[in-house]
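Two complexes are shown next, each including chain A; its partner changes from chain B in the first to chain C in the second.
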Partner chain A sequence: MPFHLYFLRRLLFVIPTLFGITFFAFLIANAVPADPINANLPQSALNDPEIIAAFRQKWGLDKPPHEQYLTYLGNLLQGDLGTSIKTRKPVADDIGRFLPATFELATFGIIFGILMGVGFGTISAVWRNSLADYLVRGFALIGVSFPVFLLALIGLQVLYAQLGLVAGPGRLGVRVSEPPVVTGWMTIDSILAGQWTTLGDALSHLILPSLILGSYVSGMIARVTRSSLLEVLGMDYIRTARSKGLSERVVIRRHGLSNALIPVVTVIGLSYGNLLSGAVLTESIFAWPGIGRYMFRASTSQDFPAIMGVSILIAAIYIGVNFFVDILYYFLDPRIRLA
Partner chain B sequence: MRRFGLWILVALLVVGALLSGITSLAQDEKVLVIGHAESTDSLDPARGYTQTSGFIFRAIYETLVTFPDADASSIEPMLAESWEVSDDGLTYTFKLREGAEFASGNPVTADDVVFSFNRLKNLQGSPAFLADNIASVEATDPQTVVVTLASPDPSFLSTLPNPAFQVTDSQVIKENGGTDAVDAATADTAEEFLNNNSVGSGPYQLEKWEPQVETVLVRNPNYQGDAPYFDRVIITNIPESATQKIALEAGDIDLALDLTADEIGGLEGNPDIQIVRGPANIIHFLLMNADPDVGGPMADPKVQLAVRYALDYDGYAALWGGVQPGSNLAVGIAGALGPDEAIKRDVEKAKQLLAEAGYPDGFEVTLDYPDFSFQGVNMNTNAQKIQADLAEVGITVTLNPGELQVALEEYRSGKEGFGYWFWGPDKLDPVDFLSFLPGGKVATERALWTPERAEQSLLDLIEQAKVETDQAARLDLYRQLQQYAQQTSTFAPFNQPDIQTALRADIQGYVWHPQWLLDVALLSRSE
Partner chain C sequence: MTPVSDSRSARFNLGLRWLRRNVLVAVGAVVVAFWLVIAPLAPVIAPFNPLQQNVRERLQPPGEIHRFGTDELGRDMFSRVLYGARITIPAGIAVIVVGSSLGVIIGAVAGYVGGRWDEILMRIAELFMAFPTIILAMAITAALGPDIRNAILALVIVWWPTYARVTRGLVLEVKSKEYVEGARAVGAPGTYILFRTILPNCISTAIVVATLDIGSAILTFAGLSFLGLGPDPSSPEWGRMVSIGIDFFDQWWMWLYPGLAIASLVMAFNFIGDGLRDILDPRLRKR
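Showing the complex of A and B:
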């Protein structure tokens, strides 16, 4: 199948999925037996029908649900996600402010996750049933099952409070001057502004949370890498490669890993999507002003426009990452090209 | 790939550590860093109504009158140097202090007060209800403001220290889209400006508010009072209390405002940390239902008094710190009876009262309470102590801890015969005590101590206290009411626990305040 056809076909799948998601997000938001009035008006105003009516009218809560949905969809098509009840700012602006922080953290997290996961998975497969294999598998199990908040707190207590190796909560130290906002990434913005001290501080703040996110996703990546690599290493062509007299290093890298990576890429894509949709706990513990915390606050105050906006964003991120993974398959798996 | 990853990690750790070392070299500026779980919804005084905005407002704005630094025991001048109340209790005339200036350099005038109060009312934001009873505000000359109320409210003065009534720079707000007109709810567009600038006359001004990240205050160059110690105050948002604790130990923050009792306990003995304790304004009390069908023996006033004599008040204070309040009015509020005037434990007297009531051998009763901890006070522990105290006078108590929401429902609908609850004041004024007297919310709806069940002399006294506008006479009436309640009441208040705050050992001047939480202008660092 030529690339452009494959690309278009994948893209066509995306559109109905996105619509479906807006519909379900709306349905769920409306099905919750909670009234945003209670969460957003002061106690004293709850006895005043006039204030309540004004609030309902202002946020369109007085209209029938299908009408609310159609209005929402119409605005959405024009790129308008509505206004947050809590922050009284356009949801799109809020997302624009909080998303880069999550994006930066998730990217550093997934890099650590890939390095650790693929590395450990390979070790484990190559030296199967050795001590190293058991250690790595034990680590992977811990990575997947150990509560993130506990790992984060222990990390903070030891590496930050006791040893002073890394910086503490937040994206920057309170006394460090912020670079002018261009991308919203502290690291890139400080490089652009030539603020090297700020860059160092930003990196120092990034290391711990991204290591923790990385170790969280690396467990899954390591397990998939291991099993996929083991399967590939048992294939006939590997035996052929070895019998050709190729070094073990080349056999594993060129013939083994590159073929074993297809399921790994899928897992990496899903993990990245997972990290991008905001790791609420990690963001809370590290006081990271990201989309996960924004979503959490929106949910607890029944801020429907914000909940809808973030739900759609997260769905779009997942769909986007999956789309990208599908495109990667095209290049990684010759079978797709030939089908 | 494995080795490569490891090297990147090591390199990042080293670079990070080196550079964080460089950046933490402090400048000459005196900086205070406060760690807090930010709840600010707006820094527009007519819109914001949260805990965080409260102490930020305290630093950047001033009100007409205020409370003392540590409690709400009296009304003190701030922007108003004096005030008079008309005999009918409807008209309050405030004389403004000469020379007060806003951060812009504009003088604080009566017109600014009129603008601020009208804007609060007409904007219909979260705190607007506080101004519901204001019929009109007028400036009769540049230094005189006359506030007319719709109905007499002797607690009006103690409402004024609320940040909602801060006096704002009308000129600057108008230049930035603000209005105090009747249509302010739709016409006013100054919120964005006020979220990033302050227009007050307090010791600090707002440098920036970056939502969910930090709020930065710097000195107000035009402040007329004593200059505060810190040049810059940074309130950094740390939503998790466990992280606040770690940041406090690491010395990155000077004050952690949201630690739990367990976390504070874990800091005990750390030489870099001090723990400041003082009575908060939460009162723990027993409720004894006045309806014999619900309360059984507990409905008898003699039994109720016996319970008040039976409790080991010093024991509760030993458990949680704090004081024994003289009544259900929190110590620290004007007119509240303190521990010296509180009822003392007297087991013999309690037994004698029970015998007089017809229970010489005591009786059995069930204590309902929520299985809950509030501000570090474990209600289960207190309930067990209540059980032990009452056993000494012959009352056999069965404990019945309930899920909070369920127990709350029973309590609020007046179905509890004998209950254990706590209360935080709605208003920092003696008027709050009326909730615990017939006609008031807790007494009437929850203890079923209705006006029909009350003595006429008590009802007369309540009516008098409600309308008296002379502060001295008013406080005297509330003292009489509290003394009455010590002898006859369906409640047994037994403890007002301490509130605890952890801060770096070199920070001085910290006091917790029931209205504004803390006043950063009072803080300094020992050198």
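Showing the complex of A and C:
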């Protein structure tokens, strides 16, 4: 199948889902609360008939439900997610400001997650049923059982407060000068500005939260890597590779892992959702100025528009990442190309 | 990198596997039983009233009187952690029982009726699965208004699709069996065939999935209440206690003990689930 056809076909699957989540978000935002006006406007505005009328007008609340949905969709397409009750600013602006920090954290997190997950999964499969295998699986089991916020607190207490190995909460130390904002990524911005001390400090702040997020998702990746690799290692072509005298290292790397990684890629896409949820639960602990902390603050202060805005965004990112994974399949799995 | 082959280490590895299957399940069962006993007995065992404030004794480190220390209002952490079992365990079980029942029924109907209904129900299920679990649960709880009942309701709404999917697949498989055809041939009505003939043959898988799932339901519930979307702040709920503890980072006892309570319970359920999967799934057993 040529690439553009494959791409279009996958895209056709994504569009209804995107509509679905907006419809769903619309239902939650408008049909579930007893009174959407009450839920979306700050207390102080509830006595002001003008503000209420303007709100009704903007979201089409006096029109029939299907028109309300279309109004909602129209506002959404213009990037209007409503106004945060707490910050009094448009939710979209808030998110725009906080998103780069979360992306930076999530990217480092998923890199650690993949390294640990694929590494441990491979060890576990190659030395199957050995002590190493049981240790890896035991750690994975413990890892998925610990609430990620507890891991974060313990990590911070031990590695930062007790041992002083890493920097504490926040993205930068107090005395470090912030680089001019270009991408919003502290690491990239400080490289662009040539501020190497800032880069070092940013990395030192980044390592612990991204390690925690990485270990949070690595359990699932390790489990799938293990079972997928075990399946592949039982195949005839592995026996062939061994019998023609290839070293075990080459057999596992070239013939085993490269074939076993296809399901692993799917799971990496799926665990991106976990990663974003994990970010919501840990950013507040690390005082990380991303959308997770924004969502945490929104939910502890009943900032309904902000909660809905971040939920839609995260669902959209999640769908986007999985779309990307589908596209990646095309290049990883020759069977799709040749089909 | 050669696979283990000599008999002594093979026996050692077999022993490891036996240990894993039996000891993990046993440890898990003991810990779960421990918490199941603690929950109803908390009022008898707890040395203090978990809601009783005592400002003069606030932020005490663990000591003889307050074994787990006290919190920012001088409440006894040990008593609060014990009482926490009375909230989290029933909440987790409620989510699983209601969520899985709902999912099994929806999935069974979809698989049995087939056609357009199948299509519609499964599309809806997929939509629910398009959101990361805790994010969707957060949005729903926030819309309903945060309290414990709404948190459980939100989790049920998030939880059913997995079961619907699994059950649908099983029903499709069982539907074509001879005994189902037999029931139809003797003129049994559709609902009878579905609920009496097909479903009993699918239910054991759903139960296994549910057992594997309790841990993650408890974890998600704790996450919701960590975010302030569960029971009200004063109630001794584990996730909530941890989130209050963030502001008292140096008073580690305020977040460590309730956090470990969550971890121990979830880990115990996961141990049981992992062992069960090992025993029940022969495809995995071979590996």
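Quick notes on this one:
As a convention for this text, the second predicted complex is superposed on the first by the 289 of 339 C-alpha atoms of A that agree within 3 Å, B and C clash if a C-alpha of one lies under 4 Å from a C-alpha of the other, contacts with A are read in each partner's own complex, and residues count from 1 in each chain.
Following the convention adopted for this analysis, contacts are C-beta pairs under 8 Å (C-beta built on N, C-alpha and C of every residue); 3 or more make two chains touch, one makes a residue touch a chain.
All of these numbers come straight from a predicted model, not from anything done at the bench.
Three-chain overlay on chain A, with chain B and chain C in a clash.
Using the contact criterion defined above for the overlaid structures, shared-chain residue A:S284 touches chain B and also reaches chain C. Touch criterion met: A:A167 reaches chain B, while chain C stays clear of it. By the touch criterion defined above, A:D201 reaches chain B but does not reach chain C. In the superposed model, A:L153 lies in contact with both chain B and chain C. Shared-chain residue A:M116: touches chain B; no touch with chain C.
When the two complexes are overlaid on their common chain A, residue A:N129 makes contact with chain C while staying clear of chain B.
Once the two complexes are laid over each other on the shared chain, residue contacts for A:S145 go to chain C alone; chain B is not touched.
When the two structures are aligned on the shared chain, A:L12 is found in touch with neither chain B nor chain C. Only one of the chain B stretches 168-176, 204-212, 258-266 or 438-446 carries C-alpha atoms that clash with chain C in the superposed arrangement, namely 258-266. Comparing the two complexes, residues 153, 156-157, 161, 284-285 of chain A contact chain B in one case and chain C in the other. Within the complex formed with chain A, the chain C residues making contact are 1-4, 9, 13, 16-17, 20, 123, 126-128, 130-136, 138-140, 142-146, 215-216, 219, 222-223, 226-229, 239, 242-243, 245-246, 249-250, 252, 255-256, 259-260, 262-263, 266-267, 270-271, 274, 284, 287.
The part of chain A that touches chain B in the complex is made up of residues 41-42, 44-45, 51, 54, 86-88, 97-98, 112, 115-116, 118-120, 122-123, 153, 156-157, 160-161, 164-171, 173-176, 196-201, 203-204, 207, 211, 284-287, 289, 293-294. Residue ranges of chain A in contact with chain C, taken from their complex: 17, 20-21, 24-25, 28-29, 32-33, 39, 126-131, 134, 141-142, 144-150, 153-154, 156-157, 161, 227, 230, 248-249, 252, 273-274, 276-277, 280-281, 284-285, 295-296, 299-300, 302, 304, 307-308, 310-311, 314-315, 318-319. Those residues of chain B that touch chain A in the shared complex are 1-2, 4-5, 8-9, 12-13, 15-20, 22-24, 26-27, 31, 33, 41-42, 49, 124, 126-127, 129, 191, 211-214, 234, 236-240, 242-243, 246-247, 249-250, 252.
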